[in-house]
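Structures incoming, each one as structure tokens.
In what follows, chain A forms one complex with chain B and a second complex with chain C.
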Partner chain A sequence: MMGRTIFIDPGRCIGCRACVSACRECDSHRGTSLIHLDLSDEGHSAASLPTVCMHCEDPVAPCAEVCPADAILVTPDGVVQQADPTRCIGCSNCVNACPFGVPVVDTRARLQMKCDLCYDRTAHGLAPMCATVCPTGALFYGTLEELRAERPGVRVADSFAFGDVVLRTGVATVVPADKVDWPVPGGLPVVEVNGVDVP
Partner chain B sequence: MSPPGSGETLVPTHCCFCGVQCGMYLRVDRRGKVFGVEPRDHDINRMRLCAKGIEAYQQINHPDRLTSPLLRRTRDEPFRPASWEEALDLTAAEMRRIQDAHGRDAFAVLGGSGLTTEKAYLVGKFARVALGTRHVDHNGSLCTAAAATANHLAFGIDRAANPFSDILLSDCLLIAGANIGDTFPVLTRYLWGARDRGAHLVVVDPRETAVARTADVHVALRPGTDTAFFNAVLHVVDRDGLTDRAFLDAHTTGWEELRKTVAAYPPERAVAVCGIPAEQVERVAALFGAARNAMAWHTRGIEQHPRGADTCLSVINLCAATGNLGRPGAGYGTIAGQGNGQGGREHGQQYDTLPGGRSITDPAHRRATAALWGIEEAELPEAGTPMAEMTGQMRRGEIRGLLGLGNNALVTLPDHSSAQAAYDALDFHVQCDSFLSETAAHAHVVLPVATWAEDEGVMTNAEARVVKHNKAQDPPPGVRTDTWVLCQLALRLGHGDRFAFAGSREVFDELRTATAGAPVDYSGITYERLAETGGIAWPCPSTDHPGTPRLFEDGRTRHPDGAVHLHPVEWREPADPYDDAYPMTFTTGRAAAHYLSDTHQPPNLPRTKGS
Partner chain C sequence: MSDPQAEARADVSGGIPGEQPAQARAGAPPAGDAPAGALPAGDAPSPASLRASSVATAVSLLLVLAIVLGSRVLRNFDAALLPYAVATVFLAFGVAYRYMLWLSAPASRCLLRQARRGVFFRVRALFSRASLSRARHPLRTAARQRARAETRATARAGGTAQAPAFTAQAPAFTAQAPAFTAQAPAITAQAPAFTAQAPAITAQEPVFRERPRARRIAHQLLLWGSALAVLITFPLTWGWISFTATSAAGPGYELRVWGYRLAGFDALSIPGWALFHALDLAAVLVIAGAGYFLWRRMRDRGALTGQRFAYDLVPLLALIVVAVTGLLLTFSSLVLRGGGYEFLALLHMASVVFALIYLPFGKFFHVVQRPAATGMRRAAHPAAPAAQDGAAVLVCRRCEEPIGAASAIEDLRTTMRELDLGFDEWAEYCPRCKRQLRGAAYLTQVKKGYV
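Right, the complex of A and B next:
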């Protein structure tokens, strides 16, 4: 987990899409929103879930690891940048590698885009746009201590298991106190690849 | 964030949309045009904004803006662009013609609560002084009227009793008929903050909203049965000895009668009427009755019904009986929906009110206002009729001409076909708008006016806090402010001397004088003080008065006897009960990204919650 980072608390999210609108205002990708807001059971529940880039730490961010053009750079403070437009070839490898479904590729521009934690703001000590405006604190930006001061007893997770692989992330998620199960199961296990069972 | 040296400036202002009135900065480029938004650390919202607030600036320089007056003789002709001279001359001539032929009351004015308070004040003054018509009202009377009536009956004052920040201090929050997450997204933060401190949350709503999803008790009652529920809760509170006897004795009237009424509402009655388990009645009574500081907030969900004022009173009864009024974290409020839902109804654009929350039927109030406006009391028209009744008068030919501004009534009035018939029947209809709304598209004359970011003025949020909107850019060429339009029309009607306002500041100064000593007293509020403080809650009777964020701290309401007047209310079957022919109920809802009929221009706001 990064020192100052985003904490995602889906339990507080009201699905208002302020984060989606705010992301579009970011000067590094003005007009395009890179945050994902999912309604997990639309029509039956008001539950909603925002997804920003998790800024994976360990192993090295999967998106950057698979990039054949070395276009995805990681800053010394752990922020996984959006693809460098002078290098990106738009191959979509990162899209396939990301376990959280974060990067998008503009196929016409042949260019990847993803959340860079509003590096133009966070590098100057400001919070990212989404976590600044989020009316509910479902997206919170700060240190773990600051989060704990506002929300006594809060539990957070920054390790996610995908099958046998455990991924540590720079962004953390708030988990309901009664449901902490470490590491947080991040996805369904892989059962087959190209039609062949994986034991 | 723009690099320094880009020539960009930030103009502090507030969101135009809902009654929360979040602070924001508008980003203005070196050519003086608004092009973006930046969060602002104002204490209402602490940099938070909802999607509407973020996208609001996109209306300002939108390509669909109207930039020239439009005229046509009849509704089957296409509009033709015209000069301001021609459009205003024609409008004033039509006003005179209709009033000469059919009497002064044959021309009506309809305003709106999206207008700044200065403009809302001017709408009322224009109607009563320049036109001399009794028919003036605004779209706020379609929504907050029930709560306003209940507030007047119980407290003698019409505003929320506590500031939003009291939510953070409460131990039990009762949210009734209010979809906070979608309607006032930024208020959610206060609810979650209270929850972090351990406050209990009760939500009364037929639907499972995003906030209801997380409540300790979500009372999903049948629509139209709220009064029965609140009476049953008060029944249990009384049965279990959870009333505040000392408060009832010292600060209320009518408890014995109220007690007799709720005696007939045991939990089983709520089970039968509301379709909820009896345990929910017991649990809500225990949580609300036992809390050290409890608070109730409601909005249109329980108000917009036949007998909606009764429902509001049943909530007020519960607060008063448990002594929850006038303390930090303990109190009551109705949350005004429109940006200026509170300020828009205070200063005389409503059919029965005069500036300062004065009543047009009270002789002393009439004299005070007439003196200020320099007219005889006898010249001041009598009370008019609420907007929903005015449509009937339009259909019957009693009202033949209409000036509309700050509303899109053809979309927002209930019963669309009769609203359409009413507008169709008008001899002459002039509408001011920034866009060709459905209502403007139906008019004879359309006057293009400035958006919220192109003029300064105040709005009053749901806490009764007056906040200052600042001008971020000039209106596009050809566009004028509503203030200028009203003053120009008054000039043509021979009342130029009473409408010699250079702009909002001069109107606000007159408004301050007009409200001095009135129930809704703004006289101590100045633009400068608003800039310094970030907002002042009325009453504020002098320039060294800090304002009144919380009412009733001294235990006194604004009734002459100082007491909360408890009103026993009975639940009555809704006008359209369930039966075999109509077994289903539809209830309206909200999507966070939209508001009234105003938010269809920003291209990015989703059409529905999901898309």
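Right, the complex of A and C next:
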């Protein structure tokens, strides 16, 4: 987990889409929103989940590893940048390899785009656009100490399980105290019953 | 992450800020920004590195041989241009070495397979029965297609009752046929023009098709300015082309290629003047293009984000220095009667040698890498013609939305397994379903009923 990063608390998200609107303001992809807001159990639950790039640390950025054009660079502080437009060939490898479903490809321009933690802002100590406008604190930007100063006793996890593989990320997720010691399930269905995936 | 840019600046190694593609970080051969040959001290070179070195050495030796033979055993070789020629040999080594290392990474190998498949689809489509039939009877096929389109339009409009009316018009269409036939030679005559445009379209189309017009024009200026300069100077420095005076009094000159006389011209005529000043024209094109991009990099907030001096600005500055010092040589000879020429020539040579040796390691390498996008168009995306041509499209296992060409996804899964990314099965789900399944898992297993 990075020192100063985003902490996602899905329990606080009310699905207001303020983050989706604010994301369009980011200078590195002005006019295009790259944060995803999904309803986990539409029709039955009000639960919603905001998804920013998780900036995978170990293994380092699967999207960048499968990039055939070396277009996705990782900064020394662990931020996985969106594809360099002079290198990206729009092959969609990163889109399909990302376990969190983050990158998108503009098929007309043949360019990949993804959340880069608002590097134009975070590089200068400012919070990313989404965390700046989130009214409920579902997206918090800062250090773990700053988060705990606001929310005493909060516990976070920075690893996800996809089948047998555990992925450590730069962005962390808020979890209940009894779930800290094991990775957050990534959602990959591991059992198939009568042709239907069972999580 | 208090000041990442400061950290990036502090972590400069090999002239490039510390950002590295993950392929290099994950233990694969260093194929990214970092100088490819920089191996950690004490480590034995990897097989990929050795193979790349061998191929690069062979390419360099071949170039040296081509220089010797092309210059008629150095008879036409201009010794004053020796540093340039040596720099091109280093350039050939660097490009070949980096290219081989790039292709040795699992993801790049996969790309090569896809590109080959893309070419296969194109060739197959070109020689398909329908294509050959179109080529044999272009007008008949066009008329048939037009008739089909009209029939479809009629059917859509619910106009089956109008069919007799169209049938009645048929003789009129038939009467037009000779007119079409008369146009055929004109259409055929256009073919070479289209063929000639193809490389230009191919070079630019995948790169800037959806970019703002100013960037497209600036890139064209930069591309053609650089291409013109390369096409003139490389053969000159290799001694492949030479100019010889036909008489001591002048002004007649002969252009010789590999020692063979290609054309004679008057140095004082307009074509002669243009030929001798083509590099000045190239310099103007390059300065216009690179100047625009430099200006944009100073102003555009998107471009400023994550911009790196060594990677993004140095190439532009290098091109501008090369072009300006080149123009100053002409200025010196025309206006200053050769004043300062020797110093300017040295400055120009140093800037050119730097630019050539830098090429394999920085942004210039996209000239070699980027054309892969043309193969990619057919291979990977679900909307790609390859998929439409009949190649299987993989759909999401959950929502059944198309993800991509099945072969491309299979290649990706193979690549992921080679990279020890053990969740390759996940590639068969669309991004939206991945996110929804993760949200559902959080809802049911982590924070049950969290709302």
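Here, the second predicted complex is superposed on the first by the 184 of 199 C-alpha atoms of A that agree within 3 Å, B and C clash if a C-alpha of one lies under 4 Å from a C-alpha of the other, contacts with A are read in each partner's own complex, and residues count from 1 in each chain.
FYI, contacts are C-beta pairs under 8 Å (C-beta built on N, C-alpha and C of every residue); 3 or more make two chains touch, one makes a residue touch a chain.
Note that the coordinates shown come from a computational prediction; the quantities given were computed from them, not determined experimentally.
Chemist: Is A:D120 contacted by the first partner chain B, the second partner chain C, both or neither?
Modeler: both
Chemist: Looking at the overlay, does A:G137 come into contact with chain B only (first), chain C only (second), both, or neither?
Modeler: After superposition on chain A, A:G137 lies in contact with chain B alone.
Chemist: Once the structures are superposed on A, label A:G11 by its partner contacts, choosing first (chain B), second (chain C), both or neither.
Modeler: Touch status of A:G11: both partners.
Chemist: Going by the contact rule stated at the top, is it chain B or chain C that touches a larger number of residues on chain A?
Modeler: More residues of chain A are touched by C.
Chemist: Under the stated touch criterion, which partner chain does A:S45 make contact with: chain B (first), chain C (second), both, or neither?
Modeler: both
Chemist: For A:G90, using the defined touch cut-off, is the partner it touches chain B, chain C, both, or neither? Pick first, second, both or neither.
Modeler: Only chain C is touched by A:G90; chain B is not.
Chemist: For A:R151, using the defined touch cut-off, is the partner it touches chain B, chain C, both, or neither? Pick first, second, both or neither.
Modeler: It touches chain B, and chain C stays clear.
Chemist: Just chain B (first), just chain C (second), both, or neither: which does A:A22 touch?
Modeler: first
Chemist: Enumerate the residues of chain A that count as touching chain B in its complex and touching chain C in the other.
Modeler: In the superposed arrangement, which is not itself an observed complex, chain A uses residues 11, 27, 39, 45-48, 120 for both chain B and chain C.
Chemist: Quick one: which bits of chain A touch chain B in the complex? Just the residue numbers, please.
Modeler: 11-18, 20-22, 24-25, 27, 33, 39, 42, 45-48, 120-121, 124, 126-127, 129, 132-137, 150-152
Chemist: Give the list of chain C residues in touch with chain A in this complex.
Modeler: 1-5, 7-8, 11, 18-26, 28, 31-33, 102, 105, 107-108, 110-111, 114, 206, 209-211, 301-302, 304-306, 363, 366, 369-370, 372-373, 376-377, 379-381, 383, 397-398, 403-404, 408-409, 412, 415-416, 419-423, 425-427, 430-447, 449-451
Chemist: If you look only at chain B, which of its residues touch chain A in the complex?
Modeler: 1-2, 36-37, 39, 45, 47-51, 53-55, 181-182, 185-189, 192-193, 196, 208-214, 592-593, 604-606, 609-610
Chemist: Per the contact definition, I'd like the list of chain A residues that touch chain C in the complex.
Modeler: The contact residues of chain A facing chain C are 2-5, 10-11, 27-30, 36, 38-41, 45-49, 51, 59-62, 64-79, 81, 86-87, 89-93, 95-110, 116, 119-120, 122-123, 125, 160, 162-165, 167, 173, 175-176, 179, 184-189, 197, 199.
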